[in-house]
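Please find the structures below.
In the two complexes that follow, chain A is the common piece, with chain B as its partner first and chain C second.
Let's turn to the complex of A and B:
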């Protein structure tokens, strides 16, 4: 879990975070409310997950409940990876 | 200026003739009456030589100086400026056109006025004699002028209703300094040159500064529809016209409405063809410019030259529709083919002319287009701007309508589908879930009552650029609230207007004058001494359109419905019924890739960013890396890159290395 969280943080920091790095972002901060991700960003994020973790994200899974914070993303990735 | 009744036209045109000059103006009023230095005035007007490259004239009277840069079109003997009335008690320097000057002149002749020239400039002087500062209410045109009234030692400045022609000013020391462009003001040694972070905050929200602010500290613009009087050291700025909408528009018969609108548009076109030089037309392949081209041909029944931009990138190109119109109307057409590389190449020059940062590269192709027009020997073009604002054409109006509809039933599964249909050209949007669409488009029931409802998604998205601001700029603007400022400026009764009218008002008040007519309009055309004329912005059309019921402007989700009705039979059906495509140009790809713009490092290096102090070099560095990797870029990255680069160019050319 810690590793997944670290990778998410690193990815977000490198691609979306512009205001001083990772420390400013809390695990439960909403990417939408913080203005971190726009419509292109969501698809970039999905692309990264699919490439990095080797699973496919269904269109029905493209919802803020799954993707809109570090915690939610980490939990989503764990769930997807746990599936046989 | 042309001798009376000379007819010079394109092909077989037989048009009423005016004495015309396109130009730039500048001036100084020293409050302490210290004599104005003619050399200084000459330097100021010299900065806008592109607006009038054929000569400059000055008038000085002790503490007052007026200057004028002219573009000769034909014999100028009758219309040199600055121009005075018969007893030389009133002087004017004028940029623009008073299209109804013939009718005004006729009326003044009946009242006993005697004219020395055939020019519209002289009509301004006589109408000022007759009505004083109220003279502007009689004008149908596009103007920026300064009148010096010796009797009252009064300077009177005015700008047209919608903001077609620019007029900027500043007070420095004991002087009021004004001109068509900011670069003239900066030629005056007393004028400070610095970017105003508060203005940049506004621009990175609504795409332009909120008048009277410009991007430069202490440099102001006279807002559209305003006049200004300077007398006894006091400056009084006030509106003489406002764009207003009825609370409950009167129902209208569709056919009668379309007939009246077409009648007004035809007359607006007719008087804008008054010229002693050939007049061409911009033809984008959309509804507005196609109808306008048809109306020109209806009025003149003569050959017409049309001009357009074609893009190498098919995503932006509309040349297929352009060809449909050219075949249908049989115009003599020229196009400029524009690649990403072309845009990158001219971008720094484009910003020298916009005099403010921009968020898109879309002005650049219009810069290339006006160069083509000039090279073809044309100096005047009619163009379709203003239709989308006045008749409900923009996607943002439809978007707001759908958002309202969805916000009434946020759990609806079907309503968000309309948003996907609205933006078929935004591929990323097509894959988003309802929940994300709701978040991106602010579909929250509680926001429906917000007077800025229509524009909040756009402005929020634009505001993401501010993440790149340096710590110093962020601290400086930390107490600013652009939305509060915009709400404070809403006209009385705004809350009771129909929601489409509210959205139209916001669009016509900010984006239209500040970006469409300025950065994409006057500044790009005048960069190559070309004058744009806008029949859709004839105030009779604008006022009539304001009273048309919203349901006739946008019927369900059919934009500009009433205009499409006007256009039936006049333009190809393929164009009348085509889906609307917003005018856009490639942004990030214009600067990166195999032909990376050679100046990027000069403007965006760590050192250059630190010297300007506006943006955070580390964050910009991250963005540049992303751009160079060529990965998919969203609106945010595209807007940010263009905003940062253009701001850096503004800083370099106007602040750090300004050359007078």
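Let's turn to the complex of A and C:
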């Protein structure tokens, strides 16, 4: 879990927090409320997840409960990877 | 019963608040705001601005993503005789200082979350008052900072100019919208009350909007497309369901069903996201009457897919420019297949011609520039008489868009004269980004181009030549861009080159850079 979180944080930092501010992002901060990612950023994030962790994200899974913070993303990735 | 005609933009709110005071005007972030509430708040703001000696024609910036505050501020400023300066919330300190400084705005209405762009207190000297919603920041000089929430909840009775007589007239300036042009700085498009009213009336007519319409708004109000959504629905007393982040499209789709929306408006990338990355095929939208798309022609496949998924909804493809208050042409839904790829014909009250460089009409099927005439055409660019004279000639707008017309008078856009990048809902000038890149100490030369993208239409590529003996990588360049530019203007791709390809006369070969993906 810690490794997944670390990878998510690194990806977000390298692609969306380029003006600094990595330290200010908490694991439970909402990307939506913080204005960190825009609509195409979410699509890039999903592509990255699919490529990095080797699963497919269904269109019905593109919801805030699965994607809208580092914690939620990590839990979603864990669930997807645990599926046979 | 026919609606009472209006000649000033804010009279739309006055009219709807009188006709249907308890009707929902806005639904946003769990709040439902009636026309009566909206008018009461707009009056409070207007009264406060008049008390603070806002002069007719003074510019007031609005920078907020709170839809209720935005709409309140929009109409409140107009009621006080001011000119609305609509600011994109995706901004930076640099862009904000430039826009507010150039139009010499006297007041800024904003939200606490955008104060970070204003932290250097001397950033915009012309702005004497900054009214902040959501809590005024502590430790800042108090004379300049005002609590906007308190302003909006204070009843000031009739201490406002409701526009019933002079000094505001239909030819008075109502709004400035910044739009990227061919220069390094965006142009401030000046729109009169008469421009906005003429365009609003035409759109209401061809979309057949009524007070029963409920629109899902995902586009920002600060752009002319979003602005026209706001004005047309307030004009008819309809309802706006606002969710402008569009981060999770399924959330928007569910809201559309729950709120029983009758209309949806997007740019090509909005529809690309809905069709390729949402669960739209698993929902049903029994109340959806129409869809609109502007910002580019609709690909035949997209039109076909939309009609399959939403057979009951009319699809209106539209074309326009900020310089035309928003809208210039629309394709009747019945022609979507027969005239695929067309942006249709001129809207009511507008004449469109396709002319050659000498101003002569080109033949059927030949390419020329679209030239538009109508009451919706802007007054000019703020503080730029030369740029204005370049595009406004004898009252006709030379759009810079290249098109051909078929034998039935349908317009087909084929390109632009400039190398403007169209990415999602944004029009982006490569010059603005190049100017920022060149300020980075390691950069010797830079050129910015748009490269094709399946969802966004285009994404931004920066081609950079680094100074001899200096080290600099992609992250350095991107970090610099993100510090000084709004996120949507930051390049997606960076390519380092030993030199930029140029013609013998020294012009950069843009087409060659575009192809090097």
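Quick note on the criterion: the second predicted complex is superposed on the first by the 81 of 84 C-alpha atoms of A that agree within 3 Å, B and C clash if a C-alpha of one lies under 4 Å from a C-alpha of the other, contacts with A are read in each partner's own complex, and residues count from 1 in each chain.
Following the convention adopted for this analysis, a contact is a pair of C-beta atoms (placed from the backbone, for glycine too) under 8 Å apart; a residue touches a chain by one contact, two chains touch by 3 or more.
Bear in mind the structure is a predicted one, so any value in this text is a computation, not a measurement.
Applying the stated contact rule after C-alpha superposition, one finds that A:14 touches each of chain B and chain C. By the touch criterion defined above, A:75 reaches neither chain B nor chain C. After overlaying the two complexes on the shared chain, residue contacts for A:62 are found with chain B and with chain C alike. The interface of chain A with chain B overlaps its interface with chain C at residues 14, 18-19, 32, 35, 38-40, 42-43, 59-60, 62-64. Those residues of chain C that touch chain A in the complex are listed here as 90, 113, 245-251, 269, 273, 277-279, 282, 424, 455-456, 475, 478-479, 481-483, 487-488, 490.
Chain A contributes residues 14-15, 18-19, 32, 35, 38-44, 59-60, 62-65 to its touches with chain B in the complex.
Residues 426, 428-429, 431-433, 435-436, 439-440, 460-461, 463-464, 467-468, 616, 619, 622-623, 626, 631-637 of chain B are the ones that touch chain A when the two sit in their complex. Across the complex, chain C is touched by residues 14, 16, 18-20, 31-32, 35, 37-40, 42-43, 46, 59-60, 62-64, 67-68 of chain A.
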